[in-house]
Amino acid sequence: MSELLPTAKTNSGRFFEDFRLGETIVHATPRTVSAGDVSLYTALYGSRFAVQSSDAFAAAIGYPAAPVDDLLVFHIVFGKTVPDISLNAVANLGYADGRFLEPVYPGDTLSTSSEVIGLKQTSSGDAGIVYVRSIGRNQRSEIVLSYARWVLVRKREPGTPAHAEQVPDLPSVVVPEELGEGCPPIDPAAYDDGLAGSAFRWGDYAVGECIDHVDGMTVEEAEHQLATRLYQNTAKVHFDAYGARESRFGKRLIYGGHVISLARALSFNGLGSGFHIAAINGGRHVAPLFAGDTVYAWSEVLEKAELPQRSDMGALRLRLVATKNLPCNEYPLKQGDQYAGGVVLDFDYWALFPR
Amino acid sequence: MSELLPTAKTNSGRFFEDFRLGETIVHATPRTVSAGDVSLYTALYGSRFAVQSSDAFAAAIGYPAAPVDDLLVFHIVFGKTVPDISLNAVANLGYADGRFLEPVYPGDTLSTSSEVIGLKQTSSGDAGIVYVRSIGRNQRSEIVLSYARWVLVRKREPGTPAHAEQVPDLPSVVVPEELGEGCPPIDPAAYDDGLAGSAFRWGDYAVGECIDHVDGMTVEEAEHQLATRLYQNTAKVHFDAYGARESRFGKRLIYGGHVISLARALSFNGLGSGFHIAAINGGRHVAPLFAGDTVYAWSEVLEKAELPQRSDMGALRLRLVATKNLPCNEYPLKQGDQYAGGVVLDFDYWALFPR
Amino acid sequence: MSELLPTAKTNSGRFFEDFRLGETIVHATPRTVSAGDVSLYTALYGSRFAVQSSDAFAAAIGYPAAPVDDLLVFHIVFGKTVPDISLNAVANLGYADGRFLEPVYPGDTLSTSSEVIGLKQTSSGDAGIVYVRSIGRNQRSEIVLSYARWVLVRKREPGTPAHAEQVPDLPSVVVPEELGEGCPPIDPAAYDDGLAGSAFRWGDYAVGECIDHVDGMTVEEAEHQLATRLYQNTAKVHFDAYGARESRFGKRLIYGGHVISLARALSFNGLGSGFHIAAINGGRHVAPLFAGDTVYAWSEVLEKAELPQRSDMGALRLRLVATKNLPCNEYPLKQGDQYAGGVVLDFDYWALFPR
């Protein structure tokens, strides 16, 4: 212990002033997705969509094999961005324009890069919003996922001059013309509703319809930690109970993506034929989730769209709401302008359903 | 949230009056079993049977590869029946005539159907016993597992007229002539006792012999939840701590199959060469298990049988008893007519051992 | 329950007097390592070394596929020795001369044997130190790992005459000439520092340099139990909370190897290009770790060595220190002759880095 070079080789993350508009950051640790990841995803959330669960079912309708769950792809692609983008984030503010563009299969290797598409210092001057477009690619460099995200990042020095302000123009909803690339053509006649676990196809849903997903899932510390490490997401707030004693909540926070996956898995009960997430329009983590909380969920059909050039699948735009310790038989969402107590997630996405 | 169609698309499960004698229910969500499931099974129970653990060991004795643990097959086949059969069950009353008929290997896809083979309303008129024969098949439609099960299911309306009563005739023990189909011919000379971890083969066991498996395993909430979701078993009593506050026990119940797998894994210590479960004769979940409880187990040799036409393997009929927070050095089972305190499982099965 | 043959078929483990100098013990339960094990290892520790994470990255630099993490190999090889060597151990005293000699890939089957290389009764006469050389082999009988370990084992009868004393001569450090066999030749030009997540290669580190790995990881009971069962390690102190009530600590102890893997995964942040453990020089579990504790780690560069005949990789001898509930920004290690409070692991190993 003669000469100490304390943090010279440790990644302490980027601060607001370290980001440059237009720069592309190549994130570390490409990751080969395997059957082991698929099994763990099932064990963590209990997902039951037949296409992702069964090679035989997937092959019958036209996939080469069971694809990897879209949210597992999202979490792996997202996890890589954390050491570079959000290690010093104060808050994860939003997502937009997320599109799943190629199916992922076990054996594929995912890597991620992010372009800085916007910067805006806060009025207090001690932090700023960083907007990035993150791109996940497979080993053939095909884009499997593209999404925009913005986070509030601390400044290293409050006094540093501000970047020129640039706020990107992001769509509030992905248009139907851009949906469907992540789903190969399927044979709706070979799609077995009984094996799929739902008698309802695209045509059976109506705009405005609300579905209480009924079941509840209590989360344990070991579960969300296993999940978040599986995604190689290094955000310390999820893992360090000792360090968290002095934090705002005094305990470990559950990765927001864990909540999305729980709610999505619960939504099988009512939306069982919506096996593919085509796009993420937006998402808001309304309140934090902690170990010991029980997650419930409900969905609302916001829009219904045909896909251009495709008669096999149709799209539903869905609001997926998750709550904690609050059953959803009364569809809790807002009280006046505010989110109702107990609501933890308000997620807006397009799912594809067989026609 | 204009028009609310609350539970029209949510599966609320069948009630007693929804079952029809003789009908066959095709269960949802076929499942491709993978090396990931095998690893998780090892992580959940610590099973050490060499045939299931090592491709090289399995190949040496005549398997094409390491087969999937029989109980993992059971749990996956069983899990699919829950949404259709036992979502409104008050109690899981029993199993009979369970037979493992083909080995399952990673890559195989399992699906399940159930025939209603019996119905009997209770005298109080608010529930009834449903008897089903559940069949698990692989992607070639070969039957890998067949078993009967009966559960007490609530009625939707206590006043509904009763079904005609029909109680199936089920064997109390699978006869030795029906054993062995789930195990290919093996070469006992190539079976290495040292690598298998037991010097005792079929001939070394005697009827009446009792074995204390010595070790104990404490169960955590995260563990049984991971397991039960891995099996895509959706029974809410295992997952919803918030909802369970008002229940009889006030907390989550551990899936009975988790207890069977724990006890079976513990039984390796004393029954290490009994690598294949050929049949389940019956099983009783004597008392519930909760997180924090420690499971111990002991076994009794009930019967010893040769297999027709086979000199490679022999069968032992075993009683496997599991307890909670009660070591088994005194072989706890009954006190008078009642099960002794601490006993949680009384399981009767045939295991095959090399000769 | 007529005739009781209580523990005749249960492995109660070897006592000190059961070991014979020079004997070789073949351990049970060969184990095929799979992609499922790799995923679980990632979920348990969050390891991010690109070579082990990505088939594409590994292939680019010269591996046939992503190799299995060296410590996962260690834990699996080690786990097999427990039922024969350390079931009656009072303490795990040390490791030496551990060398990783072949990469392991998913699909390989590992088995272990141990030679008794030393025996020394304690002065009190009720226990003795057993020294073993354990060898892990793959399905082609190639040695993948060789290491020496010594444990303090109870005697069955304190009065038994002592073995002739023999203490083996073990190196305190593996010499650089013996490093590198577990790593195929790689192409340093194809090694992408950005994807690997570290700008620092072998040449960038200096002897005496200390690195605080910054992050902390809180351990849950479910996590260490899943890990230890995955390794088929049967030491009951890790699993039996009921039995542990009467023990020295009153609760379950975490497997020491779990701590090593946690610290190693944390060390990625600062040592991200040191992807291969070539040798374990020694290791001391200074204090026990319990569920609920948070692990932090720091490293010191002890030596720097070129590898004979190789210009692609260089070796760093590293001290890896893990603490509990004690951040490492002040590099805690000793206070006088004693380990400082909070230190749980002092581990000495050689890692290979690209040049």
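Note that the chains take the letters A, B and C in the order they are written out, and that residue 1 is the start of every chain.
Just so we're on the same page, contacts are C-beta pairs under 8 Å (C-beta built on N, C-alpha and C of every residue); 3 or more make two chains touch, one makes a residue touch a chain.
What you see is a predicted model, and the numbers here were worked out from it, not measured in a lab.
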{"item": "C-alpha-based rotation, chain A on chain B, 0 to 180 degrees, nearest 5", "value": "120"}
{"item": "Shared interface numbering between chain C and chain A [over half = same, under half = different]", "value": "different"}
{"item": "Interchain centroid distance [CA atoms averaged], chain A/chain C, Å", "value": "36"}
{"item": "Chain B, residues touching no fewer than two other chains", "value": "34-37, 39-40, 220-223, 226"}
{"item": "In the complex, chain B residues that touch chain A", "value": "1-7, 9-12, 26, 28-32, 34-37, 39-40, 83, 106-107, 109, 111, 139, 220-223, 225-230, 232, 234, 236, 239-243, 252"}
{"item": "In the complex, chain C residues that touch chain A", "value": "34-40, 42-46, 48-50, 53-57, 66, 194-198, 200, 204, 206, 208-218, 220-223, 226, 269-272, 292, 294, 300, 325, 327, 329, 331, 333"}
